[in-house]
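Just below sit the structures, each encoded as structure tokens.
Here come two complexes built around chain A, the first alongside chain B, the second alongside chain C.
Let's look at the complex of A and B:
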């Protein structure tokens, strides 16, 4: 490569800079890839039908396990199931302690409503109760009502496993949680998260857009307006738990309490709106995300060319008609950007919800087929909080671990899906604004 | 000054005048400007402007950059109101009524005095919706009526044949020259009495410029047109009368032919012979 002699030094410095910058990008990418891989592998892996392996141990014990992973020290970590028989959900054994490992074809896996899954063998399948044989040979009886699903994973081919995997994922998304959230699905949390995000968007987008319109189109550039703008920008940096405290103190106890006294005094002292619920959580989230919408909308408004404003005015449009027909449509990409950011933030934020109405397990959904269909005062479940509650508050944290990863992967997928939808929508609006 | 310093421009003006139908009597002015000063905040931009714009004719405003000709144009439909801190003194009379008096409805004023800008600025909507924008604002929403008006204005702007099959396609997909004619059609759709053109062809290629000039020629008579232009050949070709601005003052106004062949003031002569500007 030939270059002018004088430029060598400049190029050298440039290459160091570009090396560092490229390194930073690579690190960020690597971190992202690691995050996604870990969540997807662990999350998706939770539904893959694994072989049931019979371990005959040196001490004479016999187990039927799902082998999860080989640890760094060479020991194998395996899922035991049969919670009524063992104290632990997982067994960690060194290979030398295992006399033999085999894959019996008739090994049975049951999903049960109590005590988690069962690994063993089927003796007889009755109307009232099932007779089963545990891995160590002991016979046990199980009420038929407790059996949810039976499968013989060791007999499954790849396609069958794939089918079982899809069915498992579908059940995870659409089922209610069971057994203190440690099993079953996350449907109520998914509904709660979606409802929260929708309610929040309905609240925050009109308010944010109107505030931005005022700041950008109506207000003169005085010190007060500049102060408001700085304040709005800084609101975005307030820790989210502080919003939670505000939501609890002002919305739940203040506004909610007043509503209860005014309209629901019959049912006092038990609160109706004076306790956390999906409405207050949505309002709190809307407060939290309003700066994002304001800032993005202002950007969008500034992007509308001056010529276009003048064209509208010169045709005899009033200021409002200009805003309504020309400026706001032109600012749609900015408004959509704000909405995307607000929605992503609200879908993932947990701290303020813990104070304003989220619960680990809600008996009822906040939406139902009964009038008034939408129960704004109901407490609700949320994917983000579900991760915390399953991962750290479930009675048997270890057993629930696969669900933590699966729920995380689902939350991530949901946020990505929302973002992608909004980005595509924005691209389409931009194209139509550019006349293509 | 016995020699003809402006031969080519003068010839263009003479040729153009010869092509025009001769008007019988000099028409009365539609706009009369009396003793007008204009300020941007503390800075004065126009001094003592006295000018009559004859009805149904084309008047060109020429002058070097920053001479105030665009500012003057924008006082005629009060577009300067949109800039903070501006002030107009004196009178701008449209059919005898002062456009700056408080009881004038600025919306109605801008409907009567349409404007086309230097850069084509169609809205990001369909061709049809662009032309229908003004009529809809002013309460015309019957489909048949709108259809008829859109077609008439697009024909008036010599654009109909090019867009008749793509009325629903986005206006921004048109070429620059087409966009500018669309902006003229959009202004015509308000059925204005006066059309203000602020360097309407300066952002266009020669071919599109020629089309705009033909169009101005077509519109002459039906509308009063005031056009700001940097291009003196253009002024000579399209206008009946020409006003020369310099440093915020109106130096000379007269028939285009006279201004370009036999200017009364030495500054005008210097400008049109290209000695400054």
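Let's look at the complex of A and C:
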């Protein structure tokens, strides 16, 4: 194997191997960037005021549309609006079928409580009703009460559009859904998700921290500790839907049914706790996220230097005092990491909720001004399930798509933010571990 | 408070906390154990066989031709030879009501009684050869203390044959909404099919029934008859042959619908609930299930569906259940409970010797035994969940209406009489299919990427790649499912071929680039720092992907003359679905790849740096070091990572729920969807009645998922711990 340095054989194998490895990383990164771009662009794009384009068609029809994309076959796909006039929400036309495309300055866009948005022109704005002109010239009367917002997108400058975009995002986050969830906002889903993760955290953090303390501080390396570790790993690996099955069978039907018989027998057979609700969903989620908290807390505990424990014990502290004043404060970043990761998991997990009490549309929030303020037995809405329910069960999925993208982008942004925070926190824990 | 007290308090708190923390540790183990135990507990009753009380209530009822009980099993009815229907309270034996249901002529007696499978009506044949049918209904009255009392519903019988020509050798009837069907065989073997349609005159409100009849010339001695759906009937002959006929659509002629070969003489034929099939009992004690199977010609043909495995000595008759495809076969001194779908006997119950007939309560919670001496005995039974057996879950079953035995999952149907089809096989195959296509791209991507990140990336580049992959792992699967179903699936349906060619193209380009790179003088290689390589390659890949995918429709057009999705069904006869396994594989890759990546990266990094340094000091290239020095000791961790990825893919729910059509098929076609165990749970469990057969079947499938992932996770942990010890 003695080769002079200058005449080394060309190392094809090494080069190809490392290039393929680098290529794998490249593929993963590329896929991720493409996915994030798609979601964030489409999600944000749902609120961007687009120009209203007037199409004069070869067959004499006139439309006022928002052009969405040019398809692979060259045809243009555009949103029609004016649901009371057309059967379709979208118009797909080949460019040669469109005689002229213009952007009329006085084109009006109305958001309405019925029939989706309206594209057309304003004739007069009355107290009781508005007179409007449809793109093809026909006059329409609309009760003023149905009008939510009017805008002239073709007259907007970039700044105005930005303003409208921000207002749109704000309304999306704070409004109630309208028209079978296909329009409006996601406020109840946001509230439901928040309540779910709060209840879940209250349950899972103490339990997870105790288990981690046991593994790291109290137990010696016995068969039982190995059993606990296997159990933690298994809890992490059990499919989430199985937790849902357990939640439905044990919590909803078992515990809930027993509670109903004991305390709410008056209202039987209609269930109080014997049906899915935010409490059972939270307990199920807590079970599901135990391993996340345990693993992160353990890491945090290990980051506390041994000397500090010994110092505390040497000063006469009991084990609990040492935990309370030395270890837990030192492990706080770890615990926080675990909590954040658990929250982010619960915010995005949908399958178990489908069995334990999530609904596509809840008439009331699970928190209200009415006694007892917190309605733990109520069914609730959830951002993740909202995506499924609107994207797959809405009466008109195609028309609701922009809102599904917006909801996805919102959920993705939330989860990414949580995970990024957790990753940074954990990096800090690991640095102090390494420095120890 | 003295210091001693204070210290005692401290010690107590310390002990309490220690206890609490231990409970936390034990709690985790208990949680896993309890979830498993609960799933087992909910699924276990499926395995339990039927149980029958060894004795019950005895009531004296006098000699009756037929008897039965009302839905609460608190009163029994019996029909006597003189046409009287009696209702008797089973709690105290009192006669509640005695009604002359069928008005007979002088010297005429009831010769035989037949109760419909759904127990909603009964028919009689008289000694004069006349035939009548009457609804069988009961009314419940609630007293002050909510105690129940029962009476007969006021109903009028309808004569289907008003003038007889001698005794009938066999007959059957069926009430199907406003239509009454009857079939009767005369002693000479001629068979008459009768259809009565009830019409309500719109002006007068008067009910009128119009009868039409078709006659079949004598074919032999008819032993028994049973009506099936839509004017078809099965006849059993003394030579043991079974033949079927059906009225033509215009009710002008009887068309033959096939025949079975001769065998042991026919004892009885009884239609099962829903009238989709009939039980044929023979004198030799065998019981078979026959049904009309739809042929390609469009005409159904009589065929045998299943034969019960054992012959019952001294078989005297079969009584079909009124709720499911279950029957009770009365032997000499025993009752056998048979499952007609699977074709197996579930239980054998010994009886007192003097029993000559039996009836099943409408709710299937009681058996009524008719003794020779006219007494009735009501016994409680618990059938358990007889519709689900190992055979129906895993074996091929010939269901009603099908032509071939098949693995089918279709748990619920439109009517109560629906035959549930609960085979796990299509669901398991679906899960395997999804898992396979998810792991196929994920494993190489994740392992190669992890090796690169662990051994070749340094400094800032690694600080970007690792967290990025962790972020990717955190994407909610509902988002991936949504993107896969509503963006990816429609976007790539015309570019399927290029999606499959893309990996090959990328590998080829990478190999080409690497070969050029290897020949570059070292000095020139400095232009590209190793940490930058993935980012540069990502740019190159984007360009190639854009080109290959953009050219997709053109490639398919050139190769097939049409798109792949049109060519597959037209050219190869393979179905193509927009939401198919390829789309699921791609989408699941987004969750499985980062999981395997992160775990494998940890495994590669845990190999001590000293090994790598020693290897390179001896002159090995970085690549040789990675492959020969780093990979072997990291292997256990890598295997564990792949296993955990497998577990994740098996349990993934939302992506397979959204990105497939959820059709439970058994094919392995890449361009079709499937239904996975997990998605099936999400779809069906919310609708399954609590505690019912389907509910428990679904719990069993959840238990299977749990058990599978439990084994995978435990094995992975064992492998990983062993590997770590070896280091």
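What we mean here is this: the second predicted complex is superposed on the first by the 397 of 436 C-alpha atoms of A that agree within 3 Å, B and C clash if a C-alpha of one lies under 4 Å from a C-alpha of the other, contacts with A are read in each partner's own complex, and residues count from 1 in each chain.
Methods note: a residue touches a chain if its C-beta (ideal position, glycine included) is under 8 Å from a C-beta of that chain, and two chains touch if they have at least 3 such contacts.
Just so we're clear, the structure is a prediction, and the values are computed from it rather than from any experiment.
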A:207 touches, of chain B and chain C: first, second, both or neither? second
Touching partner for A:102 - first (chain B), second (chain C), both, neither: neither
Which superposed partner A:37 touches (first chain B, second chain C, both, neither): neither
Which superposed partner A:71 touches (first chain B, second chain C, both, neither): neither
First (chain B), second (chain C), both or neither touched by A:321: both
Contacts of A:233 with chain B and chain C, given as first, second, both or neither: second
Which superposed partner A:15 touches (first chain B, second chain C, both, neither): second
Partner contacting more residues of chain A (chain B vs chain C): C
Touching partner for A:354 - first (chain B), second (chain C), both, neither: second
Contacts on chain A seen with chain B and repeated with chain C across the two complexes: 318, 321
Partner chain C, residues of chain A touching it in the complex: 1, 10-33, 35, 38-39, 72, 207, 209-211, 213-215, 217-219, 224-225, 227-246, 248-250, 253, 287, 290, 294, 318-321, 323, 344-345, 347-351, 354-355, 384-385, 387-388, 391-392, 397, 401, 404, 408, 411-412, 415-416, 419-420, 423
Footprint of chain A on chain B - complex, ascending: 77, 79, 82, 84, 107-111, 114-115, 117, 119, 121-125, 133-134, 137-138, 170-174, 183, 186-187, 190
Parts of chain A lying in touch with chain B, wherever the complex brings them together: 220, 305, 307-318, 321, 325-326, 329-330, 432-436
Chain A partner contacts - residues on chain C that touch it in the complex: 10-11, 13-14, 17-18, 20-29, 31-33, 35, 38-39, 42, 444-449, 451-453, 456-457, 465, 467-472, 474-479, 481-483, 485-487, 494, 506-507, 510-511, 513-515, 517-519, 530, 533-538, 540-542, 545, 553, 589-590, 593-594, 597, 619, 621-624, 626-627, 644, 647-648, 650-654, 657-658, 678, 681-682, 685-686, 690, 698-699, 702, 705-706, 709-710, 712-714, 716-717
